[in-house]
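Per-chain residue numbering starts at 1, and chain names A, B, C and D are given in the order in which the chains are listed.
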Amino acid sequence: MTRLVVTRALHAAAVCAVVATSVFVLLQFAPGDPFATSLDGADIPPGVRAEWRARYGFDRPPTERFVRWAGALARGELGYSASRHQTVAAVVSDAVPRTLLLVGVALVIGFAAGVGIAVLQARHHRRWPDRVLGALTLGGVAVPEFLLALLAMTWLGVRWRLFPVAGIGSLGDTAAWPLWEQVADLVWHLALPAIVLAIAVASRVARHQRAALLGVLDEDFIRTARAKGLGEWDVLWRHALPNAIGPVIALLGLALPSLVGGAVLIERIFGWPGMGLTLFDALLARDYPLVLAAVLLATVLAVLARTLTDVIAELVAPRRTREP
Amino acid sequence: MSALLEVRDLVVDYAPHATAARDPHRRAVDGVSLDVMRGETLALVGESGSGKTSLGRAVLRLIEPASGSVRFDGTDVRALRGVGLTRFRRRAQVVFQDPKASLDPRMRVGDIVREGIDIHALAPRAAADRRVVRLLEEVGLSAADAVRVPHEFSGGERQRIAIARALAVEPEFLVLDEAVSALDVLVRRQVLDLLAALQASRGLTYLFIAHDLALVERIATRVAVMQQGRIVECAPSATLFGAPSSDAARALLAAIPRFPW
Amino acid sequence: MTRIFLGRLALVLCLAAACGGRDRGPTGGIVVVSAGADAETLFPPLVVTNQGRAVTELIYDKLADIGPGLNTIGDAGFVPKLASTWEWSRDSLTITFHMNPNARWHDGRPVTARDVQYAFKVWTDSAVGAVQRSALASVDSIATPDALTARVHFRERAPEQFFAFVYTLIPLPAHRLAAIADTALHDAAEVRAPVGNGPFRFVSWMPRVRLELAANAAYYAGRPRLDGVVYVVAAQGATVAARLLAGEADFLEQLAPPDFAQLPADHSVRAQAYGGFDYLFVQFNLRDPAATERAHPIFGDVALRRALTLGVNRTAIVRSIFDTLARPAIGPFSRTQWTADTTLRGIPFDSALAARALDSLGWHDTNGDGVRERGGRPLAFSLLVPASSRARQAAAVLLQAQLKTIGVRVTIEQADFNAFLDRAHRAAFDALVGGVRTSPSPRGVRDVWSTPGPAAGTQNFGRWSNTTFDAHVDSALAATSAGAVRAHVRTAYQAAIDDAPAIWLYEPRLFAGVHRRLTVGALRPDAWWANVASWSIDPAQRLPRDRRASPTP
Amino acid sequence: MATNTWRRLMHDRPARIAAAVLGTAALVAFFAPWLARYDPTLQPDPVTLRLLAPSWQHWFGTDPFSRDVLSRVLHGARVSLGVAAGAMLLAVTLGAALGALAAVFGGWVDAAVGALVDVLIAMPRLLVVIALVATFGALSPWWLIALIGGSGWLATARIVRAEFRDHLQRDYVLAARALGASRWRIVWQHLLPAVAPQIAVAAALALAAVIPLEAALSFVGLGIQPPLPSWGNILLDGTDYLTTAWWLVVFPLGAVTLTVGSALVLADRLRAAIAGEEHRR
């Protein structure tokens, strides 16, 4: 077991190293300059830019910068974000919890809803609930997320004013509020981005889960369960689902990075400055230390998520050995 | 009679990725030495999991042994590369247990039988077609069957196709890996008869793998009994069936149903 | 001149004080400003963006501020802020500022001349890297004869020396910052939670989310009417507008054309015009991007540049994108500048004339592909557009279709803003849709359009060079009377229009989105935030968030 | 087996409908210049004819530049489906090739491909594509194909590797090896046809993923460059007018949803057909 953990950790470290190096190399080819936009203006003399480049070491050759960066990383320093006038660690420690919250909530809601929809569909296989839900989940996958987000913002936010259109909390000293009000405020602000993201998750989960359920429902042990006189719901929840949910969880683990990545537009639209938006802004600002740190973090999160979902999938449904 | 196949101290491990799941120290074949004489049928009998299939595959170099030597007609099979290996493939063939699994379901029977001829460029186009028809007829099928696909045939017919495929490259040596085990009794007898006829007409040498002594009683010249990766007894057919010396052989003998008529 | 001015100043002061005292109007309420970007820093020397200024200039006051007339020559019209009076030396090389004795930092300490001196040190220390320190290049030193007197010594006289100094230098709290090393200032905790002296004091900042300011009850010019100002940030344009339309925000700096379509349905928001200092243009690269010592193979020819300009219907472009929210640009300036001249002779739209001009220049469509060519070279160029600007993209698309009708092929190339600027600086483009936000001063024109050199033309991406223009711009910037400035500027502008280094596209008129409950008075075109201290919210239309968000005064 | 899979699929009604929709889309894309009534870049009068609601002249209305939306959606099919199909082909070819290499050669090749997959799967695709496009500036459709295709092969590679490894253990492959068939021949003659349905599933899913990705790229201003219409940039024009000009969004969105939905349905039915076939065996 320890060996497995150590191998996994080494593997993850290697993946991160490769990702960091390739991103660093790639950034060397990027046109633009960390101070091109932040120091653009008719009244800014060109000398200032050179000065700032030198201050942050951008006048050094790339190899030297890489060694310095890697060395600092080894000491646990992520560097300084010139576009935010802040240490990268400070920027990232703001953004990571926000992304985890948004994606986490969307995942939980989406996963639960997706599984529920799939069970409902399997229960009414080839009847109208199956068809209607099937069409909806198909739409949930086919409609681009950013459009869903804009529609939600325009109608749920602006037209009907059910939820705030953007932001991560109410104004004022919310920290002094009673806890339940703080939570309610957070939920209220989280609603739109989480719903949009959850729709995307739920649609995908439901589609996979439905297929997996229908596959399992064909198998002998289900027939046995039915023969024993178990109700159809019991068969679905107790017998079919535990056997069909594992692969869906594992699949979700694989899809998680793209989910986080897909959240960039949602974070942007709903003014939810998590990792996706931070990375996006950092890219546009050519804030290399921040880009590197964000990519690295995303990689670590992805690897962690994969390991975690693998474990969960294994726990939920011990793989039945297939007889040859 | 000289030995066509000489196996010495052969060791085969389970595939590396499988070791985690199984006992890492367990070997599929654990130091087996064996000779197969030209023209004979050596039956290799043992319970499932005793390592006979691994031995059969290692002999054909379908899997790589861990150590030991395999000599075929005097040449070291394990050292073969390139042209030498190709030449060896022509001379030694295999028929598997499950003809459903061993025939590519997407190919027509004619193409299946023909594949070996194409690989070794044994005949030009038209001649190859004629040869395929001849082979199909030799195993008891018809020329019209060439355009059909495997799943249109019964189990016995499919096994005949597999035999025709093996014969297409005109081998001297055939590993029959449980070749008749999956067939029902009547068909089994027909296929065994076919194999015997082919052996007579083509002078073939068989390594006949089975888990059941009853299967080999009629066909085997000699019988080798395997248990947990080792050969525990190797004796001429008559000797073994008359007076088995190992417990394993006795156990296998006892499992043969004797009908009281 | 000095004495006359002082007299006028005293009068203004009295009026301001009287007004402030008599009509306090309603106080209370929080204004939520929906912003498309966050302040990059709250440290004035490092602030570049408008949003950064919008925040810091509410926290920090200047010595004096430009007046409603936006004059930049001498000190006419300037409004006293931290300095209640000032006087010039006879040779104009020294200006003595008398600090307002009532001015206090938000921690209660008085604002002194030492803070001015300290700020000057910070601004000019290259370890800090203040971006606009070239504006202070003419200042030699600052002396502090007493706590409330700052004597500024200039190296040379210049018509805009007063403007350049007070507009750039923002006094900093020496008692809080002097202990911090200059190199550490940019990231100091003190700088992220600044103590200022302006009408609003800093409360909290969640970068890229929101920034909260509260009224400074002890403000020397009287407490602002509002209880506070909150900036809420969203990167997506649609979101910024949605916040206003959903009633979550009270103020939006600039409405985009599509936002206007939604206003009629929503009576809670109105649009308020306030000029604007932007003008946009298609800038030609006069040099060959492949080899800058050569002239550009197409745009090197002034007759061709004029012919292209003739082929562009700028009125249609403006009407299509902006309807009446913008006007066709005239030349390298904005109509809001006091030096603007609307009587200049422009190049009209006449596509028949454009086609004839191209014919006469030897550009003909010989192979029938709809594109003219000359000597085997097609009349085609790429147009670089920043991906961040929807309006500029729209202008490019319209321009492309218009030029196509006279046999010119335009390929649009979008680039993210960083790459756009990078290519502009490297002159790696044929033509680009550029935009300039000028200041009230005509000074900016020299950076963008004068012949590139160490002192001028740093933003002259197209490397246009015209001696008449250069000479008259330099003369205008040296002239001390408004009339002389206007005369020189007029000649320079006319040269720029005639030589067509760019197609002058449009000047957007700024429209702020303002919630019905908010009264903002007149918005200053160069700085909408200049008068936030006098904004007020109708007490009858208070919202729960006004109470909720109210920080303790 | 595979031949049967295809046959099963052809007898499946949803699959036939989905295939018909995709086929129609492909035909529309191909014949767009003949089907469209107007030049998709023609701006008859961007002042007075902009944002016209659907009418007899303009079935899908006009956009902010007075261009005919129907013509743009038709031509947009060309660009969007062209990019999508190109990227899908590239992704599937690359994925199949790398997956096959990993499975057939095993050892360090397998490890290398596996590591590559692990690295790429850890980086969010949309961000990677946005990053690259942002980094290298707006790209031509060809580069877009290379980029989207080059980043989308992971799923195919995983599937092909797993299926190949499975089939490599099967007796018919052993029989072919015993006959002396080369690796190349085994892959080409036996494995690829065997795995073709799974590859087709991966292809359909790749197609379904690429079209929204192109739209997302357009949304951040880094997609297909104007005036070339793509469903993504038509949608982008529409996002400014969600409440005031619904036709700008509804029609391109309909096109996107129909195409993506059909690709997904096709993938579903194909998977069901494969499962049914496996089940029957």
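In this text, a contact is a pair of C-beta atoms (placed from the backbone, for glycine too) under 8 Å apart; a residue touches a chain by one contact, two chains touch by 3 or more.
Not measured: the values here are computed from a predicted model.
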item	value
Centre-most chain, if every chain is reduced to its averaged C-alpha atoms	A
Between B-D and A-D, the pair with more C-beta contacts	A-D
Cα-centroid distance, chain A relative to chain D, in whole angstrom	23
Distance between chain centroids, defined by C-alpha means - chain A, chain B (Å)	54
Euclidean distance of C-alpha centroids - chain B vs chain D, Å	47
Mean-CA-position distance for chain D and chain C (Å)	45
Interface hub residues of chain B, defined as touching at least two other chains	none
Residue list for chain C, restricted to those that touch at least two other chains	238, 416, 419
For chain D, residues that touch 2 or more chains besides their own	134, 137, 220, 239, 243
Pairs of chains in contact (touch as defined earlier), listed by label	A-C, A-D, B-D, C-D
Residues of chain C defined as touching chain A within the complex	30, 32, 40-41, 43, 46, 48, 126, 129, 131-135, 186-187, 192, 206-210, 212, 230, 232-236, 238-239, 242-243, 245-248, 416-419, 421-423, 425, 436, 438-439, 443-444, 447-448, 458-459, 545, 548-551
Contact footprint of chain D on chain A as seen in their complex	11, 14-15, 18-19, 22, 26-27, 29-31, 138-139, 141-147, 150-151, 154, 159, 207, 211, 215, 218, 254, 257-262, 264-265, 276, 279-280, 283-284, 291, 295, 298-299, 302-303, 306
Partner chain A, residues of chain D touching it in the complex	115, 118-119, 121-128, 130-132, 134-137, 208, 212, 215-216, 219-220, 235, 239, 242-243, 249, 253, 256-257, 260-261, 264-265, 268, 271-272, 275, 279
Residues of chain C that touch chain D when the two form their complex	238, 256, 258, 261-262, 265, 316-317, 319-321, 387-388, 390, 393-394, 396-398, 400-401, 411-416, 419
List of chain B residues in touch with chain D within their complex	57, 60, 62, 85-86, 89-90, 92-94, 96-98, 100-107, 115-116, 119-120, 149, 162, 165-166, 169
